[in-house]
Structures are given as C-alpha cells and as structure tokens.
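These notes open a run of structures that come right after.
Two complexes are shown next, each including subunit A; its partner changes from subunit B in the first to subunit C in the second.
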Partner chain A sequence: MMKNINWSKYSKPIILAVFIIVLSILRPKAFLSLDNFSNVLWSVAVIGIMVSGSIFVYLVGGIDLSIATLCAFSAVVVVSITHLLGDTTAGVIVGVIAALIVGMIAGAVHGVVITTFKIPAFLVTFATQSIFLGLAMIFTNNKIISCTVPAFTAIGAFKILGFPLPVYFMAIIAVISWYVLSKTVYGRYVYAVGGNPEASEISGINVKLVTIVCYMISGLTTAIGGIVLASMTQQASSSTGAGYTNDVITAAVIGGVSLLGGEGTVSGAIFGAVLMGLLNNGLNLMSVPSTHAGLVKGLVIVVAVAFDALQHADQSRKKVKKVKKAAA
Partner chain B sequence: MAGNTILEAKGIYKSFSGVPVLQNVNFEVKAGEVHALMGENGAGKSTLIKIITGVYTKDDGQIYWEGKPVEINSYQDCQKLGVACIYQELSVIPPLTVAQNVYLGREPRKGPFIDFAKMNQMTQELIDRYQFPLKPTTVVDNLGIGQRQLIEILKGLSQDSKLLIMDEPTASLSGKEAEMLFRIIQKLRSEGVSIIYISHRLEEVYMLSDRLTILRDGKNAAVLEKKDIIPAKVIETMIGKVVDESAGSRKMLHSDDKAEVRLDVKNLTDKTDRYRNISFQVHRGEILGLGGLIGAGRTEVVRAIYGVDQAVSGEVYLDGKKLNPSPKASILEGIGFVPEDRRNQGFIPLLSTTKNVALTNYDIVKVNGTTISDADELAMSKRAIEAIDIRPSDPNKQVGVMSGGNQQKVVIGKWLMRDLKLLIVDEPTAGIDVGAKDEIYSILEDLAKQGVAIIVVTSDLQELLRVSHRILVMRKGDIVKEFKNVEVTQSMVLSAGQGVEEEAK
Partner chain C sequence: MIRKCMTIALSAVMAMSLAACGGQPTTREDNGAPVAASSGGSSNKKRVDPYAGDPVKIAYIAHDIGTPNNQGWKEGIERECGSWSNIKIDSYGAEESAETQVQIMTDCINQGYNAIILQCSDGTALAPSVKQAEEAGIPVITVNLDCASSTVHSALVMAVDYDAGRMAADKMAEQMGESGEIAIIQGVPGLERTDNLEKGFRDTIAKYSNIKIVDAQSASFQKDTAMTVMNSFLQSYPDLKGVFAINDAMAEGAALAAQSANKKGQICIWGADGEKDALAMIESGDMAGTIYTNSWDEGSTAAKIALLMIGSEYDYTCLSSTPKVIMEPIVVTKENVGTISQEDRW
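Moving on, here comes the complex of A and B:
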C-alpha cells in the first residue's frame, strides 16, 4: 500500500529533486550546464565546510553566533601574515596554520567560558562575535587587504577534474565529521551530552571536556571556511563572511539538526548546505534582485522546516499508535 | 475556637485510567482550625487537594463551601471562594519586590499607572498584622526559600483567603524558618483562617493541628481529634493494622556479618549540612536498604558515594581501596549507579537501547583504533536485552518511547555488562508497574547472590522490607536506626524515620 512507504526517509532527496526540476524547467540552459553545477558546489563548499564543524556545537545543545566574524578574523590573519612574510609561499603556509590555531583557540575560549561560568552559549558567542569583528577591523585598519600570491589563490580556485579545490575540502571535512560522530566513542558522547547532560555526567562522561572540544571543532572549521573564502575572493576584510552565521545555522536546521541538541546528522547538514547553495544559485539565475533575495530565502526556509516538522509529527503519531496496539 | 464547617467534600471518587485513586472520601474543614491531612505516598492526599483546588475534576461526589454546593473547575474558581494553595514549587518571581509579587496581576492603580506607594502600604499593613519578617520593598532574589514561602502566604492573605492549603511547607525550610512558619500559622488560626496542613512529619502535625484526617489506599482511614493524635495511633492508622498482618509488611532480616566488607563509608559530611558524619558498611552479597522520609538526605549520601556530588569530608573505601569521588573513577572501580530521577538523570531518550547500554561501557566494547566495533556494541546490547528481558527487544529502539519499566531496565542493564562490586539504586521502581517491579527485585537478588553489594534507597516501605537484608534509617541527615537480624515491620521503619520512639510495638 502507498501508505506504508516511509516518506519521511526520502523527504530530503525529494525536496532536492523538486528544486532541481523546477530550476531546470525555468532556466534549462543556464542551470543544467556543468559550469553552473560546479558554481553551485563552489558556493555550497564554504557553508558545507563550516556546518560540518559547527554541527558538533548544535549536537551538544549549543550555538555559535560568531561564525561570520570569526571567519572574517581568520581571513584577515592569513592574509596579513602572508603580507608580513613578504607574500611568499612560506608566508601562506604560516598564515594558514596561524589562522587555524586562532580558530581553535577562539572555540576553546567559547567552550571554557560556557562550561565554567554556565553562561548560555548564545550570549557568549554573541559577545565574541563583536570581539572578532573588532579584531578584524584593527588588524586591517578597517580596509580591504587583497592578496594575489599564487599559492594562496590556488586554495580557492585550483580545479581537479573540473571541480574547485574547496569542494574537495568540504567532502573531506564532511567525511571526517561523519566518521567522528558515528564511529568513535567521542561521537557517541557528543550525542549523549546533547541528549541529556545530567545522565551523561552520571555515566562518567566528562561533559565539560566534550563540550569544549565541540566548540574547538566549530572554531577550526570556521577558520578553514574563512581561509577558503579569502582565497576565493583574493582579499580579506572585516566583512569577509558576512551573513554566514545565518546561512550555516539555516543549513543545519533545514538538514534536520535540532538546535536543542542530541539530534542530527552530517549528511543532513550537508543536504542543508546544498539546498542553501541551490537556493542562492537559483535566485541568481532567475535574476531575483538582491533586495528580494532575503525575502524569498526566508520563505523557502519556513516551508522546508515546516515540512520537516510535519514529517516528525506524523512519525510520532505512528509511534503512539504502535505503542497503543502493543499495549492492547 | 473552631466554628462552622467552611469546606466539606462528600463522597469523592476519582480514578485514573480505570485505577481508583479516591473512593468515597469525605473531608471537612471548620473555620479557624488547622486540619492536617496525612497518609503514605500514594494514599490520595494530593489527588484530593487537586480536586479541591480545581486542578483535577472529580468522578463523583460533591463539594460544599460554607454549606452551599459549589463546582470548582479551575484554580481561579477556588481563589474566588477564598481558598489559596501554597505550592511546594514556589511561583514567586525573583526580580520583583515582595509587594509586587503579592499584588501581581492585581496591582492598585492610579489612572493607567501602578500606584506603588499604595501597593507597598497595603503590603506593609498585612505584614504588620501577621508579624511577617519581611519588607515590602525587598527584591525577592535576595530572600531565602522560607521567606519566599511567606510571600506565597501573604499573597493568599491579601485576597482575604479563608482557607490556606499548605503542601509540605517545611520540606525545604531550616529549623528556624519552620518555627517562624508555625508561629504565623497559629496567628492565622486565631484570626479565624482555616488551614489544611499536609505533612509527612508527625511532630509538626502533632504540635499544630486541631484535627487530623488520615487517608489510606484512597479511602478515609480515620478522622482524629486533637486528643487522639498520638504518634503510635497515627502510624498504625496510616499503615493499617490489617495490612500490617499481611505479607510484605513484616520481615525477619538476615545479614551475614562475616562476609567481607565491600563498601566502607567513613564520616561522610555534606558541605551544606544535608547529611553529616555518615558511616556504614555494606558486605559482599548484601542488600542494604536505606529508609527514611523524602528529604532525609539518603539520595545526597549515595550521590556522594558514587561521586556525582562531592562530600566536604569523609572517605569511601571499596574492597579496602580508597575511592576518588568521580563517576568515572567509580565506574572503573566497579560501582554502578541507578539515579533517582530516571527521566532526567537515567538515560538518553533520543538514543537507542544499544547506545544507552554501551554508554558507560566503551572501555570494554571493542574499539579498533578509534573505530567502535558496531557488531560488538550490538552484541552487548543484545546480551542486556536477553538477560533482563527488555521490551521491545529491538536494540535500535529509542529508549525515550519505551515504558517506564523497560527504561529502568535499560538503565540497570548497562551496569550488568560490567564486573560490578557495588550497585547503588535510588527509588528503583518509582512509577513502574507491578510486573516490572518484581523483575527488578529479582535482578537485584541475583546480583547479590553473585557477591555484589547493593544499596537500595526507597521510600516505598513494602519494597524496603521486600528486598533488604539489613536496613538503615536516615532522618534529617543522620543515620538514626539500624535494623539487623531482627523482625521488622513497616511501622517500626516509619516510626524511626519520623523520629518517634518505639511506642508502636
């Protein structure tokens, strides 16, 4: 019977398919080219990289509102250091390492402050968001600094088999993230802490440490995102990555990651990132003016989330029915 | 002093999904009396109160207010009559002042604005009249629990309430605060306010109340006048003589002192004085029952032994080895812990049986490098499901949607996968059906036979007698009584927990 098909299992591919079909019909030539496909992936890559790390934070029931400005600050760090070291390849390498370290330290600070002083994550990261922005402004003197060192621009532009390098970064980071979350003891602890911190504590899990590491991972992938973004645009400024906090959180939510913690998968989050990329690309191809883009994005997000919520409600109703049947 | 009947409930019936909770219960309060309501856990006290305050609707019966039949369908209805209920979970708002809390939602106005001067003055008048140690302008945030409770009472009085219902008002009060409350209760009584006083603490009831209604198994057991409120008699009525003769109400305790000591607790003392100088031992293969009233400090003691909370002083030894107070260290040494609040502390509702069972056991699940062996993890969970018959037996089932009994089996099951030396269970069968209860008891008994030492904290007297080999009773943070190799009855345990000397024979 039709009713026995578990639609919720396929809801994500169905949404994607609908999207692709609609766009192919409306803009067949522009949308269905290989060039455009790689474009979509290119714009998806940054969100994908960042959501693969920040999912750890959502899974432990936290949030990171500092993604956009930490992204800017790490972009500024890598570009400034490259300049300082005479625009050399060695400078790029040192700059990249420094930016990654900055990201991890920022995450560690988040984690330590949140767990030690028991301050809500949104408050802490809301405050640091402003700090990172300030640092990025101070380091750049509030100007755009450009960087065209070949070793640096290659990070974002170099192509293998037609795909830009960032797409490979995204794939690798997503796979690592998936592996850690679903195959390691640490991953199990992340879901446990997010699902019930008190029971986790009683089960002998170091809840504090697990949480701090989650924020460090999020800081790290945000920094990677910042480096890639700076390389793709060949410049860094305090507004690099502006808007990405929203895009990343939205990608996670569309992908079924619960902001209450304990629920969600990397594949879901990547689906969210792809959908966000398609949406941005679609709006572009349809030449929706940027003044209207935000409105359309918002509406699509509401519909997607409502659809997901409906599926969930349906599932839990079925569960109740099953329990009742079993009891009878 | 006591006048006409102000509230009368006649022939009240109430059942939840077919299980009768109240059967033909009658209850009557006179003007200006303190009327205590007592009964064991589950006797129907709070159900009766919730019917009077309109939280539940009764199945049958009639409530009369000042002689007239009334329908109470909501808390607002009962407030209109002049009944105020002071709940244990306080509903005061910390950032507001005392006066703002008292008149919340009923602020006196001057045009469109709140008349703060008048509000403070009205509050001050109430405070003066009953001599409350409060000031109208104090911000509640700075006040202790006792004073917050007084604000709740003020709220009730400010609405000219004729009847105040107090549910375990002293449960979270210090001795001094409680005395203050008693003084105020006596003052209220002399002003003609009636009070329904619900408490487990016999000495308070004895001191304060003019009359006492005792419920037992959802029925009226007795209404005692002041002169008849004698501890021995009250306890006897609460438990019921007939019940006391039947199975499960008395037991000959046997424990083997020669068995080696597994757990040795020495002078454990709490930072905030919830327990002090606790010393006891548990032997190999022994089930030690820890009895006493709720709030006697039992849960706090076992949490400190396991290391979830830290004691300020004292030591814990397991098989002669001093323990570090942390859950992880305890687990590695062979201690298992089943917490009191299953839903919030026991398991991860969104995760499957497999992942819940494995959660404490990743030191024994096979891990290749960093990769968990899914097969080994699954095999462990299947062993647990098999060993204690967890249902549904699907290892991938989310634990959050399972029945209470099976959830508890998952919580216990993860410990059975380990080489246990000591298992601590706190209220192991709270909210669990009878069948699952028996299964849990036999799990505990089997473990004891294998040499595991077990501590059972329970407020269910029948359960305490059923599983224990030896019983310790705690009261207000001290171990006050040990029952060892003697015949013990429910009344003896209850009396010890209440602090009543053994008049009840």
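Moving on, here comes the complex of A and C:
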C-alpha cells in the first residue's frame, strides 16, 4: 500500500512540517504562537503576492527583472496621488487604482516589446528596471515621501482575526492565480506556450496574446505588492522594494518553478516564499548573529531543495520503470 | 548572480564611456598668479578661484543617492554653492555598490572635476581612487564614511559615531530606569561608522548592571526588514524594554511593528540620524529618541571645504593626516524635539 503513495506530492508540506517541528522544539514559547505565524506570513506577504503573478511570466519562459523598481514606482504613484488629492480616503482609492493601472500598462509594454521585437525578456526588463527607477526618482525628487493617511496605512496593518490584511491579499491572489493556471483554458495555454512555443503556435494558440497577458498579470501583482509595501512602511521612495526581484525569483525557483518555462505551480512558489519567511524568522528567533545567518540560510535552502528534488527524481524514475515494464 | 551580471554589464558601459572621454583634463593656470607647484605642492593642482567667477565643477558621489542622509548632504552642498552661477554640482548615486563608486570616481577624475565630495562606502576599495584623485590635483572631501586612514586626503566631515552610541545609551538607560532588556537592530556589519556607533552603545550600556543586551540582529538599514526583526524580538522577549536601531529608518520600522503589536510607546525605541520622519515619530510618542545631526549643515560644510581647497595653494601633500570636521550631535527626546525647527528637519 505504502509504495503506491506519491511522496513527491507531499515533499513540500513535509519540509515545512519539519521546519515547524524543529523550531517548535527549539523555541517553543516564541515560535508556537498565533502572533508569530501571523508575523511570518505578514513578512512574506509582499513576496507571495508578487510571485503569484510573476509565475505566469516564468511559465512562458520569460523573466521579470523590473519587479523591485516597478514596485517602487507604483508605491510612489499611490503615495504621490494621495498627497495630490489632499491626503483623503478618496485620494487613496484613486491612487491605488492609478498604481494598478500603471502596473498593468508596464506589464503590457513588456509583453508587447518582447513579443513584437523578439528581444529576450532579460534585456527588456533589465532596461525597464532602470526606467522605472528613474521615474520613481523623478516623481519623488529622490526623497522619501511618507504617508500616514489612516485609509492607506490600514492596507498594510489592519488586522482581521489576528492576521493583517496583506496575508489575506496573498491568499486571495494565490488562489486566483492557482485557479487561472489549473482550471482555465488560458492556464493550459500558458503551460503549453512555455513548454513548446512553436507547437503551441501551430496548434492555433495566440502565443503573442498569451504572453502579453502573462506580463500584464505580473505587472499587476507587482503594483499590488508595491502598494502593500508602501502602506506597511507608511512611505514610498525610489528604494522601496529594493532586493525584491531576487527574493521573488528565489521563492519561485525554491518552489520548483523552472525559469525555462512550462513547469511549476503557484503552491510551489508560495511554498518557496513561506520557506524563506520561516527560515528568516527561525534565524531571528534563534538569535543567529548576522555574520552567520547567510551561511546557515544557504545550507538550509540547499538541503531543503535537494530533498524536494530527490523526491521528484524518485517519482520520474518510477515512471520510467513503469513505461519500460509496459514496453516489455 | 543577476547582480553580478549587471555589475559586469555596467563595468563594460563605464569602460566604453571612459574610452570616449579619455583625453587629459586641460590644466588652467592663472596669469601671473603663483601656481601650486611653486609653493611646494603637487604640480597637478589646478589653481582656480571659485569666488572670482572661474568655472568650477564639483562631483558629489553617494553610496545610495535615495536615502534621507544622502539627500540632506546633496541639498546642503547645492545650497552652499547655489548663489554662485559659475559653480556646478553633479550628483552621482552608486546604487549601493563600492565597485560602482570606484568606477564613478575614475570617471570623475578623467572628466577633470575640481573637487569630489565622497561618501566612501568601502574604505579599502576606494582608497586607491581617493589617492589617484588627490594626485591628479582634485581635492577629495569624504562625508561620514572615510577611506582607509592611511590615505591622506583633503578633509573628512562626519557625524559623531562612537559618542552618538554613548549618548543614546545614557539617555535610554535614564528613560528605562536603569534596568531591563535591550535589543539592537544592526545595519550591515563591517561599516566603520555604524560599527563604532554600536560599540559606543554597548560599552556604555555595560556600565549599567541591571540593563542587559539580549539580542542583536541585522535589518540591513531597511525599514521593512526592521519590522520583521522587531516582530521576532517581540516574540522572543516579552519583557523587552528597549530597542536601539543603528539608523532612524530601522527605528521607524521597529516603532511601526510595536504599534501593530499594540505596544506603542511601551518600548523605548531609539534611532540615530535625526531625519524628519523620526522626529515626527518622537513627537507622536512612537519613538523615544534619536541622535540628531544636521545633514544639510554637514553637506554645506563639505562644500565649503571643497571650495576652500579648490581656491587654495595647499593640497594633500601639505598634510600628514586627514583633517576632520565633526558635526554637533543633539540628543533628541520628546522633551526637546520641539526645539528643532521645521527649517532644520531634513
């Protein structure tokens, strides 16, 4: 019976469970509390939101290097519009909508340029990264703009049942993204385009449109991440979200998303984000000095990812055996 | 990896731009006026008088142009020189990379700037560039972060570091009734200024036998990271009474985390810098205090020295060690925060 269980399906939850058990034993008081879980999820919420959208880009074999600076620019847009409209709730609403539109337009531009001129996504988003940074600098005159309008700060800090709003945003966006990718025709097109663009083209999929929409989704979630991050820190500047490009890509890759396209799931990407959050939380709670934290973090990630990969390799080996048997 | 690729790409671009403007800067000598060479200084020194209408170009090279400190210095430099139309200020940001700063330094030396004001993010990496600039007759004034001390250059303008830690520690101890648990939020380890700040703080707190430093974690100078670190402190140390953050941005993050955990004002949170937002948070009771330095004043001081050096016959060869100007620190708490006027809030 046991042999028939597909362990590879459970390797990610097992890794998380091992983490939680180890930390619970080592730091029972500090770790095992609703507050702490809420903190961990809150600390990865922005990455979770962004990776739920940018996974579409990875699935079609693209990449988005502009995440951090688009995040900064959308944060700057929402905060400056709120200021322009006199720091009112209406201003916040208009600002949020404007930032979301900016994100989608940015994504659309990425998609159109990449598909029309056949330029590698790496180059296009590398260039736009610099453009968004420049725009954020010009809009803010390179200063930090703070914003303490209650309606705005609530986005990042208001709590329902002990969990702050960003955690719910992450959950909702991840579920929508999961639904689109696994339950809709569009989702299947995304995997098909990533797996084999030529074959998809021949079979009648509008590869160009599918790709453009992927970049728009990524732009949209990046903008949402930017709004949430600005609200959490109550400020926006050109350096808002610095380092998030790496964090988002890392979360996706840890979660088994292939940067070559066609492979990966939203649950995997969220797993990657939560694993990083738990790891950082664990290191903090264990008071690991920052000089050692990098080493420990790297080692744990390698071990966790190796364990996960081993399970999957096992699974595919079994499949090969089965096929060979059938052939014989 | 990606960062590495970008650095390589950037270096290539820089190399190309350098090749494009590789010509030697033309040396200008005043008719009849004694040039630096004749007064024993280096022969490369260009003698110009910024206050007599000679065209002057000053480069300001920041580690990360977007931070309030860097903006404060930049504005201070621009204010100081704003009244003279012949003085041109160019500001460069190095995107937090020492290698990029080295590249920009080389570029500025080749372009023949009259002086360079530098926030030296990595003392060892930048020391050769500083030396090269001084040898080319370009005075270098470092701000807050200095290059390796053996490299003598025109001046260092800095906020107090060790003493700022000491002052924060004493005032914090007083506010906490000289007992309780304290945690430290660190920046990036290895920077001389912030390491000294932390050392000053630790050495002073050691004198109070009932105060214990229970933890120290890095939040890389970032406000959002500091919120995460503060959350874990609140989990691990329910009796935490004080937090000292090495810069104000992190103290603000810690204060927001305390606010979100319904502990506003219950924890004595200190920063160091004195930026506008931190002062507002002290007023609202979210933060307990900070060590204020007037960044505008600091920038304008650096600019004054730059102009002095440009116009003088002296250069680094006249110096046996780098002269220092240390800015006045002010211990700010809720009681005296009102005395810092809006015009002095950067």
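In the analysis below, the second predicted complex is superposed on the first by the 312 of 328 C-alpha atoms of A that agree within 3 Å, B and C clash if a C-alpha of one lies under 4 Å from a C-alpha of the other, contacts with A are read in each partner's own complex, and residues count from 1 in each chain.
Just so we're on the same page, contacts are C-beta pairs under 8 Å (C-beta built on N, C-alpha and C of every residue); 3 or more make two chains touch, one makes a residue touch a chain.
Keep in mind that what you see is a predicted model, and the values were worked out from it rather than measured.
Partners subunit B and subunit C, once the complexes are superposed on subunit A, both fit on it without clashing.
Judged by the touch definition given at the top, the superposed model places A:65 against subunit C, while subunit B stays out of reach. Shared-chain residue A:184: touches subunit B; no touch with subunit C.
The superposition of the two structures on chain A yields an angle of 120 degrees at the Cα centre of subunit A, opening toward subunit B and subunit C, reported in steps of 10.
Of the two partner chains, subunit C is the only one touched by A:291; subunit B is not. Shared-chain residue A:262: touches subunit B; no touch with subunit C. Subunit A is touched at more residues by one of its partners, and among subunit B and subunit C that partner is C. By the document's definition of touching, of the two partners only subunit B reaches A:195; subunit C does not. Contacts of A:206 after superposition on the shared chain: subunit B is touched, whereas subunit C is not.
When both complexes are overlaid on chain A, the residue A:235 reaches subunit C alone and has no touch with subunit B.
Distance between subunit B and subunit C in the overlay is 18 Å (nearest C-alpha pair, rounded to whole angstrom). Comparing which residues of subunit A touch subunit B with which touch subunit C, the overlap is empty.
Contacts from subunit A toward subunit C in the complex involve residues 27, 30-31, 33, 35-36, 39, 42-43, 65, 126, 137, 142-144, 146, 157, 159, 164, 229, 232-235, 237-239, 242-243, 245-246, 249, 280-281, 284-285, 287, 289-291, 293. Of all residues in subunit C, only 2-3, 6, 9, 64-68, 71, 96, 186, 189, 215-218, 222-224, 227-229, 231-236, 253, 256, 259-261, 277, 280 touch subunit A in the complex they form. Across the interface of their complex, subunit A is touched by residues 306, 308, 326-328, 330-332, 337, 339, 344-351, 355, 358-360, 362, 367, 370-372, 392, 401, 414 of subunit B. Residue ranges on subunit A touching subunit B, taken from their complex, read 183-185, 188, 191-192, 195-196, 198-206, 262-263, 319, 323, 326.
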